[in-house]
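Both complexes below contain chain A, partnered by chain B and then by chain C.
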Partner chain A sequence: MKFRAKLVDISCIQQFTNVVATVSKLIKVCTLRLTSDKLYFILSETVVNGGVQIWCELPQGHFCDEYAMQGASTEANEIFLELNPENLLRALKTGQSARWIKLKLTNKHTPCLTVEVDLPTVGSHQRLAVHDIPITIIKRRNWADYAEPEMPNFDVSIAMPALKMLKNVVDKMKNISNFVVLSANQSGEMKLSVETDMVSVNTHFRDLFNPSWRHDGGDDAGENPRASQRDPSEFAQARIDIRRFSQFLSGQQVNPNRVICSEFTSLLLEYLLECVFDGEKERPSS
Partner chain B sequence: MLSTQQADDDSSYVFVAKLDNARNVSNILKAIHFKDTATVFVTSQGLKVTVEDAKCVQANAFIQAAVFHHFVLTQDQVTFKVNLSVLIECLTIFGSGPGPSAATSMKMCYEGYGRPLVVILEEEGVLTDCSLKTLEPDEVLDFDFCSTNVINKIIMKSECLKEVFSELDNTSDVLQILMSPDAPYLQLSTFGNSGSTHSSFSKDSDMVEAFQCTQTQSNRYKMQLLRPSSKALALSTRISIRTDARGFLSLQYMIKNDDGQVCFVEFFCAPDEEIDEPGH
Partner chain C sequence: MKCIVPGVNLKVFGRAIHSLAKIGDELYFEPLEQGLTLRTVNSSRSAYACFLFFPSYFQHYDDGSRNCDSGDSEEEGLRCKLTMKSVMTVFRSLSTIEKTVERCKITHNAREARLVFELHCRHGIVKTHNLAYIECETLQAIFSKDLCPNKLTAPAKLLCEAVVNFQTTQEEITLTLRPDNVSLKNYLEDEPDPTKVVHTELSLVPEEFDQYQVGVDTDITFCLKELRAILAFAETAGLPLNIHFETAGRPVTFCVDGDQTFEASFVLATLAEADQSSSQQSQVKRPAQTSSASQQRSRSSASVRDARRDGGAKETHMRHGPSTSRKNESPRVDSSQQNGSSSQPPHPAPAADDAVADISAEELAAAMEMECEWEERPADRRQSDGQDAPSLPGDTAGRGDTSPEQGPSSPVIPVQSAGMSRVHDGPRLQPLENDETDEGDNLDDTIPGTPPAKKFRSLFFGSSQASTQPTQPLQQSTVLAADTDEESS
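Now for the complex of A and B:
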């Protein structure tokens, strides 16, 4: 198993750092999946109150100048490892003015992801910072746990309003109740509601954009049949844990062009949060 | 947007108030926010919001009808109790931070006894409607603080008092306020673990705008009860300190809002105990 990547362009370094920062704000331990053309940050968590899933794809060609990897075997040319994204972030933070950053898989007592940061110097001497981040290699039989989540047939897909205002509203609602009901329809309307025995608060957002969600690899690439068959004014709703939602909103280190929230009315209301996090997938490519 | 919609069905409400900048109300309410519930009195003069604690301290915020750009009341007086914490959260739902953020316009309506207080807020096309349950109003304390019984009165700029209040010794249970026609004129004292502190103001100080003390009076007030008043102090530009013959304290704060209008917040506090004559 081998892995080596080199980031040279400073904007790529910063963008990569921002992605890692976003991931580290949300979770303590995540899975890094390396394939020959992409890096993935993955989290799949299932808990009682709103399990969170993160699926973040980074095309290596966009970020890395050099990239070489050799997986577990030739037919399964992939590497799965578990690391603390905060450690990686800390290492990358030293490299905000670096000439280059190298990421390597090494074995120093324990398996490590080594981050080498070449810092600019005045003289001719090289200034190199090396960070070894302990990791755990995930065995091949467990790889199936980290499969790409299937996109459910959404009832509604809607682009989020300005995050700053949304975050303000959600933070205030957090002080009122633990759960918020998010409703949206295909005519660009979204509603956040909290209700307690003292008060009911509804915030209405209008004129939002409803993207048409295309299934990856789907040859028809058409609109989601469920969404297109719906009455556009009909609201789909889901109940989500406000704290997780607020945490997600405040974790936005990368300024996303668009956060897509898609929801799915089902018995499992937690579904929504997972779908919100799926919005992350949009970012590295946009 | 707020003024155009539902323009015709306002008739079912006994009280409707509209305002272009909800912060003018939320800031004043924050100044008296030391308990969860508040009693609201609406008269043609405006709103009076009362918060009480321990039957010893009472805070009143006065928001005159003129602060609102639309104020309609169909009865002589409307009284209800609401959860103040929730009301403040609602009024600041789009963010309360100072700065050039767009103003939140607000409409507040009440249909009458037993009905919820409806607050509608709008900012940049985003609408929030809140419906707050109203509670049976409690009888509020009457401190019987009459201006004819006032013995000592000082009006001063808040600036210097803000400093004094922020540095008060928190280990002291009481704050002693001495007002006197002779030196030291106005003295605030604390008695904490590490010793006593005294802050004195001369009546000739630039900060003092009016000094009408007729007799030496020294009273102690529970620090715990007075501490909430520092929120109002922080927002205020002027303060009037008055005591009556029984030693009851009245603090009136003048607060200027974003539009330059003046609102008042008033605190009444009962003295902690009779203190003996000096020299004892």
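Now for the complex of A and C:
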């Protein structure tokens, strides 16, 4: 099992750091899956109330100048490992102006993801900071637990308003109730509501964009049947744990160019962050 | 005592106070002929910081010693400590101070027993802070940087950039010095499971340093928090930092002396190597060395007193009386505590307030000493000590006149015997302290990894602090009472 990657471009380093920051804001331990062409940050949490799933794909070619990996075996050329994204973030944060950052798997005192940072210096000297982040290798028989989650058929898909504003609203609502009901329809309207015995607060957003959702990146030309059959003014509702929602909103470090919230009439809500950098998908669902 | 800091220099002054505040809880303030000294020691006595601002730093500087001649002042040299909190209220916002304050006047109001900081701002606004203080003895750590085989000089920026790579929660770092590189590692032997935490290592090449002198290959481990405080000052002052050190267990000294008008020294204790601290050895060894250290210290305090008597006793002013008697005679007159301590009581004797200050310095020195080398070269040490801090009365006296420091044998001086008794009490209290390891660990978290030494030291500090804290106000009141008596009579 071998892995080595080198990030040279400063914007790639920063972007990668931001992705890790987003992931670390949401969870304490995540799974890093390495394949020959992609890196994945995965979390599959199944909790009754507001479990979060994250599926984040990063094409290695976009971030890394050098990339070499050799998986557990030739037929399963992948590596699954578990790490604390916070540790990785701290290590990467020291390299925000680095000449290059190398990531590699090492077996020092324990299996480690080693982050080597070549820090900038005035002269031609090399100043190298090495961070050894302890990891756990996930055995092959458990790999099935980290399969890509299925996309359900949605009732409504809508592009969210600016996350900062949304976060302000949600943070105020946090004081009122533990749950927020998010409703949206296919004609670009969205509303956030909290309710208690004493008060009921609704925040309406209008003129939002309803993307047409296609399965598997557009291979299937047909639109989501459930969404298309609906009355465009009919609201679909979802109830979300407000703290998790706020956490998700505040954790976004990547400046997504579009946040798509897709709803299902049951208590399921999906987000897709389509980021400036194509191919990076993140989809926590609650 | 009166000094005026001009606006342009006030920033450095404020930074110095901020830096000291990050290390200790009390600011030892002492105007001397050579300049104004500001010192502090951290709660576990493992770090000591000393700033000396030369008279040229000030727009006006008067240490107050001349006033003794005129007879209208009761200060024969102010020595006091203030709580860091109160001083920080004066210098809280450095950016505001920098923008608005034109000069800062520091005076001593003896009548009210207040130290007065007047900030003269633009538009004729004057902010006055009257700070209460406690009189105390000089705080002085004994260290010798000039004998150290290893010297590094580096721009503060380099070290700052190196230190930011470590997590903010990291407590200690290990500096490994080799002829061809220096590396900094986070110290993790303290962790419950070292395999579960991130290991960080940073290597620097000698070319990055202004001066790079390796006498012996060394690994030293010291506190990161204090280093950060030092760097915060050195970086904003834009001055290089000199690092002097020997081997593990011996103190490391950081000096900022690139400026003509002030200098700063910081002494940090380093962890003893594991083999050195094999419990029995260190337990037996430590008392011996601490007592020798305190002897050393007591000699210097003896010389302090000599110097004072030379300077002040000729004019024996009414006000001067109490202070000398407090130092020298009170143990005989005032039977309460110092008597007890001078006769080496079975319990850790609560020492006089001034003795406490003295002892804290001893402790610092003692804490930093792992080997019993004090007596082997006392002359060198005194001398180098003097060079390190030329401002200190003890040192100047010691330099000018070596006989008093060799002369008086230790038990003569009550202050010192108080220190001695405490030192001797250390081992006796040990079993008790072992039961209270938790508390001890809290008190002194700077020496993990060497459990026996740690225990011993935390005991040492623990007991001293236990006796220090409750007795201080009491001591103070005794002294004050004596003063008023004499005044009214």
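As a working rule, the second predicted complex is superposed on the first by the 263 of 286 C-alpha atoms of A that agree within 3 Å, B and C clash if a C-alpha of one lies under 4 Å from a C-alpha of the other, contacts with A are read in each partner's own complex, and residues count from 1 in each chain.
Note that in this section a contact is a pair of C-beta atoms (placed from the backbone, for glycine too) under 8 Å apart; a residue touches a chain by one contact, two chains touch by 3 or more.
Just so it is clear, the model here is predicted, and its values are computed rather than measured.
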{"item": "Combined model on chain A where chain B meets chain C, clash or fit", "value": "fit"}
{"item": "Contacts of A:62 with chain B and chain C, given as first, second, both or neither", "value": "neither"}
{"item": "Chain B versus chain C as contact partner of A:134, first or second or both or neither", "value": "second"}
{"item": "Touched partner set for A:125, first chain B, second chain C, both or neither", "value": "second"}
{"item": "First (chain B), second (chain C), both or neither touched by A:201", "value": "first"}
{"item": "Chain B versus chain C as contact partner of A:172, first or second or both or neither", "value": "first"}
{"item": "Contacts of A:161 with chain B and chain C, given as first, second, both or neither", "value": "first"}
{"item": "Which superposed partner A:108 touches (first chain B, second chain C, both, neither)", "value": "second"}
{"item": "Three-chain overlay, closest Cα atoms of chain B and chain C, distance in Å", "value": "11"}
{"item": "Overlap of chain C and chain B interfaces on chain A (superposed complexes)", "value": "none"}
{"item": "Residues of chain B that touch chain A when the two form their complex", "value": "83, 85-86, 89-90, 92-95, 123-133"}
{"item": "Chain A residues touching chain C - in the complex, by the definition given at the top", "value": "87, 90-91, 94, 108-110, 112, 117, 119, 121, 123, 125-134"}
{"item": "Complex contacts: residues of chain C adjacent to chain A", "value": "161-162, 164-165, 167, 194-205, 207-208"}
{"item": "Contact set on chain A toward chain B in their complex", "value": "161, 164-165, 168-169, 172-173, 175-176, 197-207"}
